[in-house]
Amino acid sequence: MNDIALWDSLRSGAFALGAPLFLVVAAIVTLLCDISSPTSVLKRGTGLAAFFGVLGGAAISMQQGSELAATGAAQFSPSSTSTSLWGGGILIDGFGTGINFILCLAAFLTLLMSGKYLTERKLPRGEFYALILFATAGAMIMAQSADLVNLFVGLEVLSVALYILAGFARRDWRSEESAVKYFLLGAFASGFLLYGIALIYGAAGITASHLKLTVGHSLTNLGMISELLTKSASTAQPLVTMPLFVVGVAFMLVGLGFKAALAPFHSYAPDVYEGAPAPVSAYMSAAAKLGAFAGLIRLLQPILAQGDQAALFRAAVWTLALLTMLIGNIMAIRQTNLKRMLAFSSIAHAGYVLVGVLAGSTPGGGFAADAIPFYLFAYTLMNLGAFAITVWLGKNGEEQVLISSFSGLGKRHPLAAGVLTVFLLSLAGIPPTAGFLGKLYLFVGAMKAGFVGLAIAGLLISAIGLFYYLNLVVKMYFEDAPDGQASEPVRGDAKLAALIAAIATIVFGILPLSMLSPKAEVATKPTPVAAEPGAAAPVEPRSH
Amino acid sequence: MDSKSFLLLLVLIPLLGTLLISLSERGHAKAIALVGSVVTLLFSLFSLLPSGSGNGPFYNLSDASWFPALGIHLRLGVDGVSAWLILLTSLLGLGALLCPYQIPEEKRKVYYGAVLALIGLLNGAFAALDLVLFYLCFEACLLPVYFLIGIFGGTRRRATAQKFLIFSVIGALGMLASILGVYAVAGTFDVIALRQRGIAGEAGALLFLGFAVAFAIKTPLFPLHTWQADAYAETPTPVVALVGGAMAKLGTYGFYRFCLGVFPEASAQYGSVLVWLAVAGIVYAGLIAAVQKDLKRLMAFSSVSHLGFIVMGLFSGNIQGVSGACVQMVNHGIIAGGLFLLLAYLENRRGTLKIYGLGGLWDQMPIFSRIFLLFTLASVALPLTNGFVGEFLTLLGTFKLYPAAAAVAVTGVIWSAVYMLGMYQRVFYGAPSRQVSSFSDLSDGESGLLAPLAVLIFLLGIYPAPLLVTMNGAVEATVGSTK
Amino acid sequence: MIATLFDALFKGPGLLFFAFAFGALATATLVVISKNPVRAALFLVLNLFCVAVLYLLLSAFFLAAVQVIVYAGAIMVLFLFVIMLLNLGTPEKARERLKFQVPAAVGAALMLALIVAWAIATSTPVSVGPVALPADTPASGDAMGTPEGIGRTLYNPSLPWLLPFEVTSILLLVATVGAVVLAKRSNAEEVKP
Amino acid sequence: MIPLSWYLILGAMLFFIGVVGVLTKRNPIVIFMCIEMMLNAVNLTLVALGRYLGHAGGQMIALFAMAVAAAEVAVGLGILIRIFRSRENINVDEINVLQG
Amino acid sequence: MTIYPLLWVVPALPLAGFIINALFGAQLRKRDSGLIATLAIWASFFCSLLLYSQVSGEKTRQLFSPALEWISAGDLKLKLELVCDPLSALMLLIITGIGALIHGYSMGYMSHEKNYSRFFTYLNLFVFFMLLLVLGANLVVTFIGWEGVGLCSYLLIGFYSEKKSATDAGKKAFIVNRVGDAAFLLALFGLFWSFRSLDYFGVDGIVTRASEMVASRNLGDYQPLAFLIPILLLVGACGKSAQFPLHVWLPDAMEGPTPVSALIHAATMVTAGVFLVSRLNPIFLLSPPAMTVVAIVGLFTALFAATIALAQNDIKKVLAYSTVSQLGFMFLACGVGAFSAAMFHVLTHAFFKALLFLGSGSVIHAMSGEQDMRKMGGLWKKLPITGWTMAIGTAAISGIPLLAGFFSKDEILLHAYQGSVVYWVVAFMTAGMTAFYMTRMMVKTFFGARRYDDHAASHLHESPLSMTAPLLILAVLSVLGGWLNAAPTHLLDGWLTPLKIEGAGHAEAPGKLTTILMVASGALGLVVCGLAFFSYRNRASGDYVSEETRLNPAFQLISDKWRVDALYHAIFVSSGGDFARDLRDKVDRRGIDGAARGIPALIRWLAERLKGLQSGFVRSYALTMLVGALLVVVGCMIGLAR
């Protein structure tokens, strides 16, 4: 390979990974600024660099997305990696850029809500910002990876950063406990994930040697696996039913399911979210899920494409989705701590997304696949927004987390109560909010892909959500405030974050002109809505 | 008038009014609400006039793509039935806003804003010709009522608000599931297209079920009615005029528009179940109404009973039954709305609506008593009042296919006499108690507010043709598809 | 059959495999059952050695070296250091509070192990042929495991391994930052009450 | 030649011994060591597979796994030091303020 | 078909009176308000006379009003349309004629009431609805009137709104009537779906087509409903006409002012049932078993009510049960196919029963509201006009020969005999009882010793002319009314010809039998009246029965109205109320609402159970994960094995 070719290859690779790369650079700059002397100008650049990084990442994601949309080259399929970036290990498609954008949004809101909070608690800002940026970059690599190895290392960057962030609060026993739990269980789950990758690697290799197939440089490349799955489908030992492969995928489900907080791998989430500083919990609940679901859908899509042979995987994911929705919703009911409640609620939402992932990975589920980014977008807004409220209303270095302390908030802080109500309604899926549209989108997709029962079950189970979301609304508006709780909240930046999220939640609920949807439309060109069999001819209402 | 803009105005004007109220000062809340409501009423009068583009029984159609990825449109239009319901909503909404009621100063904005929003959302639900748009309005309607209950209700307001919401949203989610299913099957949310296409077979039956449950809760249909009496009891009485008069019609209207319109086969097949549930409700609620101790609760059960006639008629499977039901939707709205406004007047004077302790109002408040008697008689479906037309037609229609059900339902005329006249006797006859003797009769303004409704009771009772004729096309198109 | 078994056991590296496989299993078990953390750490070092030898048998020379130097050497020393630092070296005394934890853990793990073993047994043919590699493969066969083979494979931009390598470097940077945040600040904290 | 499956089964056994260790030990450091053992077992599996398939991927992944393990150790030990620095108790079962 | 707009004028006049009084009654002077109402009815009466002359000719037997489109849905086309044929013309005359007299009477009777104009408002409204009822050209218009008179009856019975017993009675009347109305509606639906029309006449009319069926004996599709529909109609008629078992409201209805009792509960409204049966007589004739049921219900009610009347002490109650009993006679006549005889009795009954009620009203008016006959006696001298006219009325109802009641009752007995001897025997006995209790009432009120106190005596006076004039007119009618359909001419029968349908009636009775029966009933009336009069006249005390008799269970039974009211109260009011309360408390609140509340409770319970999974122990979480992994893997393996 000559130098020019090498340079081209690296350049296109860098372009493909533009967003994470930008974030990493920004993170390093942030760290450098931070270690400069407190009096220097550079010190002040700490936050600036971080925000610049996040916004730049978002801009790059958008730019990439619109470029893809313009060329129509966006393909949501790891198997058709036309450009072999990073040895085929990286994909650049509408889905990935979409997730990247949402990740930037999550990071942005997190940074916004944490500024004053960190200062108040005397926590190191520079490291915090840098770690958020690093974690975001890791999740972005997961979202863009077409190779299980990249998925794994991306996940580890994300996880390790989150372990640190969970224990970030000094002198806070809860934060430390949260970090220990997250770390021990996370590492345990990583073990399963890695073992799953190893088994898949072996199964793929064995199948390839049977088929006498010239393999690529990586056997864990999802395109490679997809090819092997297809080519072996009609042989005596199809890869998809090969026990080694099945166990491997199952272990990967455990590992990724842990990150996405799917039941029964969810147990850590409530404890960790409760103990970690609120901005971290907020970030975790969005970013870890975003990465994990991106990984899940990338992993499952080639497998579930195998039709009937993949029925067992479909059944497994189906069960996990149902269980997750149930456990998340049921357990949330008895919570008295808002962060903990939100943790269970985020578990429930993970269940809904998994319904979408299942549907989106199934052939003919393009619609659901498009719904996932939108849903995650809405979820990020409303969940981060709700966490931001706890930061906004907290004082003396604390967060306001006890549900009972929200009594009479409607009178004390009408704005905060109104904003939180928006988030809660959105989380409950009540119109006119982005949460409602997202749920609609997602479950339409599930139905279209044939998961009627699961979609109905999901909708009915989500009714349980009303109990706990609206319990809070009731507290805020229908109950009187406890005495002596009338100090004005001071954390203006968290307020700003909450307001931005709330406005976006409403706007995207009423005017869903998101950058995500037009692109999603392009991505689903092969399965347009109107081409559905049995669809009625579009009616021209003006014809009389 | 540009038809494209004008139905949307019926939704947007009240909602913008709400927004304005939330941003403006307390003192202006009522004025803004009244202006918004009056303008809405004026516009809603136009909804009866077929103008703009039409399609089948629908007219005043407008269409704008809203969420292209999902094929959701801002698709509005009315037929003979929904046009009347919009008019009814706007009328009762204005009535509720005008009705004098004790509202704490600091809660004015919430009150007027919520009522105005409710008007807009109800109008939206009645005018929506897109499933998602309908669902949006249908479910969003809950929120103003929820807050009105929770903020203005009595001691049991929290539990009641929760119960109201849980019932409604569970139903709504069932419907949402069905809406998604419809989209999966038919690939569109367009109601007109769906009506032309129809959804049959097992899928149709399942999807029908989802819709039916939602509407059964909303209506409410026995045995899913238990939220209603509580909710009415805790909602400010003038608002109950709007809620009981117009919002309850969302359920029956939903049956009419979606169950009958989109699932003709399932409606015919499972209609008997709904007919029998409705009939059971007529008798059951009639009996329970007779032993209520609170006037509002009594009226709530009376509503269950009366709405039973509507549901029964809708699923009777013939034109008489369905048009009777549609007529009754409007007529019951007028009667119930009037009765609740009357109760609000009484509550203003007395503070509570417990029956115990009342009596002798006949001589104490002659005008009030006379007007109340008129509405009571309309409620017991006396011929030449508007209450008769619908009940007669629904029973007549039902008798054809389900004579046994009609035979049971017809006892409803007995039960309504039992509870309404029993109530009337206890409240108005006898010697005035000491408490009662301080009550003043209705002021001119108060009786003036009821005058339009009272006139309508006679007018539509003696000459129901305006209703029947305008609804005829819509009903025939709906029943025609059932056959 | 028996001849194959015999060959496998005693010819070539067979004997070594068994010896060190047994060693690995035994030391692993000892890690789990020993009550003293220090001892457990030492057994883990032994375990890592055994596995390193198996790497050698598999011609993964570079990895074997890394295993010994980095893993057994650096990392395990770190472990021991922390154990000593925090004075965690005392044996576990506290009563098991979770009643069914041990039997459940052993049972579940055993079942999973059996299933995985079954999956391995049914999926892996007795002789696995090497896969057909693309033409530009930098190293193959035994050369793969040498430092040169590793280097040529790892640092090749057209191969998929460069990116994870770079990401790993970020990971290590994150870990460094983390260690600094976690450890350094905790000292400062002690100074301030 | 040793059959591939023997290596794989050895790896599986080591992995699940590690799992049992994670679940039964109460000293968090030891638990962490058991996790390392699990990763080590996976590495063995990877290397064996790579060798028998004549494919470089196995060793590559194992290499990354080691790096990841090292990073985890750095962070993990940091966290453990933080939480146990001031505490006599070294039982992981005591870390359960957060529950329910 | 003749269109005749005047038809609308007849009901419109009372309606106009109603509207004027309703809107301006409070402002009008008492006299004016009564006058307007009365004049409206008189005007209506003269219009009715005109109508009568129009339909009494040979050529035109039916006049139709212009129709107003009312309700149309599908093939249902309901019109507000009136028809006048001899049957309705007869009713018209009764209603407007007697109505006008009673309006005049009321002007005197109600002169002391504060709600004077309201009374006339109601009364006019009642006449309006009653006219609609009899003039309706289809069942629905009849039904409008039917319900409307029920409403007016409710309002008028409860006219003294502060009196609980009055409002109770009004409510009871309305509800019991509603039971009948429900049955009426069902019959109406059945007829509509059978005949696809609700008109009486015209080519597709119910009556027209049913008559054809009677003639051709071919029922076609209608066969399955042929029995049910007349029975339902009968139930409806029973409600309005107070026939057993729906008779309970009428005696209570005496709580209303006496003119109301005279007009509504004696002369007009209660005969609506008989009118309905007569109007729809082909429907009844199509089902002989139904006819039998009608006859038996009528017969039983006649006897049953007569027994009760024997033991009543309230003057109006006696008259009320008498009314029920006489209505029973009418139904008996209908049941044996003698519809014109029934209508004849309606006519004569209207004369003498209105007379009796008005007379009793005059007595009550004179006694300042006292209704208990035990506190009267010896009034003959004080109230001569009232006494004489009431005596004529009593004689008429008792069947004293040559008076109105004699002819009509005799005709019914004759037809009953032709139907079955049993009918005749029972009816004959009942006629005897009628004579007995009516005479008893007369004697207790007007003869014997004076039993009222001095306070009452001081107010005692003969009623003013406005009240006595109607009495005198009605007395004349009670005397002469019978000749309208007396034996040789049978004017009324001839006039009501459409009520006789070919092949359905009985063979003309042999002259000898007619004579024998006539003599028998005449003799019965004379003998019983004489016996009662002479045995009671000289009793000094107010008690006409001995203490012994009073304690006799049989006597107590009839005095307690056979305890039917008590039974109904126990079943429908007490047990029904308990049932409804149980339904409210146990089924609705605990059952259905409980189930609705149960779901959240269940979820909460589940959450509490699942709490154990969230123990906070790292190792438990790890175990959960491991078990989860195991389940996923095992699940996959099971999937593989399949």
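For reference, chains read A, B, C, D and E in written order, and residue numbers begin at 1 within each chain.
We take it that a contact is a pair of C-beta atoms (placed from the backbone, for glycine too) under 8 Å apart; a residue touches a chain by one contact, two chains touch by 3 or more.
Worth saying up front: this structure is predicted, and the values here are computed from it rather than measured.
A.B. asks: Based on which chains touch which, give the shortest step count from chain B to chain D.
C.D. replies: Minimum number of steps from chain B to chain D: 2.
A.B. asks: Going by the stated contact rule, which chains contact chain B and chain C alike?
C.D. replies: Touching chain B as well as chain C, we find A, E.
A.B. asks: Suppose every chain is reduced to the average of its Cα atoms; which one is closest to the average of all protein Cα atoms?
C.D. replies: The chain sitting closest to the overall C-alpha centre is B.
A.B. asks: Among all chains, whose Cα centre is located farthest from the one for chain E?
C.D. replies: C
A.B. asks: Could you tell me the distance, in whole angstrom, between the mean C-alpha positions of chain D and chain E?
C.D. replies: 96
A.B. asks: Return the distance between the CA-based centres of chain C and chain E, expressed in whole Å.
C.D. replies: Inter-chain centre distance comes to 101 Å.
A.B. asks: State, to the nearest whole Å, the distance from the C-alpha centre of chain A to the C-alpha centre of chain C.
C.D. replies: From the centre of chain A to the centre of chain C is 31 Å.
A.B. asks: How many angstrom between the C-alpha centroids of chain E and chain A?
C.D. replies: Computed value for the inter-centroid distance: 78 Å.
A.B. asks: Touching two or more other chains, which residues of chain E qualify?
C.D. replies: Residue numbers touching two or more other chains: 600, 611, 614, 616-620, 622-623, 626-627, 629, 633, 637.
A.B. asks: Of all residues in chain B, which are in touch with two or more distinct other chains?
C.D. replies: 166
A.B. asks: Multi-chain contacts only, two chains or more: what residues does chain D have there?
C.D. replies: 8, 15, 18-19, 22-24, 26, 28, 31-32, 53, 55-56, 60, 64, 68, 71-72, 75, 78-80, 82, 92-93, 95-100
A.B. asks: Chain pairs in touch?
C.D. replies: Pairs flagged as touching, ordered by label: A-B, A-C, A-D, A-E, B-E, C-D, C-E, D-E.
A.B. asks: Of all residues in chain C, which touch chain D in the complex?
C.D. replies: 8, 12-14, 17, 21, 24-25, 28-29, 31-32, 37, 40-41, 44, 47-48, 51, 54-55, 57-60, 62-63, 66-67, 70-71, 74-75, 78-79, 82-83, 85-86, 88, 90, 92, 94, 96-98, 101-102, 104-106, 109-110, 112-113, 116-117, 120-121, 124, 126-128, 130-131, 133, 137-141, 144-145, 149-150, 153-154, 161, 164-165, 168, 171-172, 174-176, 178-179, 181-183, 186
A.B. asks: Where on chain A is chain C touching in the complex?
C.D. replies: These residues of chain A touch chain C: 1, 6, 9-10, 13, 17, 24, 28, 31, 84, 86-90, 124, 127, 130-131, 134, 137-138, 141, 147, 149-150, 152-154, 156-157, 160-161, 163-164, 167-168, 170-171, 199, 202-203, 205-206, 208-210, 212-219, 221, 237, 242-247.
A.B. asks: For the complex, which residues does chain D have touching chain E?
C.D. replies: 19, 22-24, 26, 28, 31, 92-93, 95-100
A.B. asks: Residue numbers of chain B touching chain A in their complex, please.
C.D. replies: So the residues of chain B in touch with chain A come to 53-55, 61, 63, 66-71, 75, 77, 129, 132, 135-136, 139-140, 142-143, 147, 150-151, 157-158, 161-162, 165-166, 169-170, 173-174, 176-177, 180-181, 183-188, 190, 192-194, 196-197, 210.
A.B. asks: Would you mind writing out the residues of chain C in touch with chain E in their complex?
C.D. replies: Chain C reaches chain E through residues 97-98, 101, 104-105, 108-109, 111-112, 115-116.
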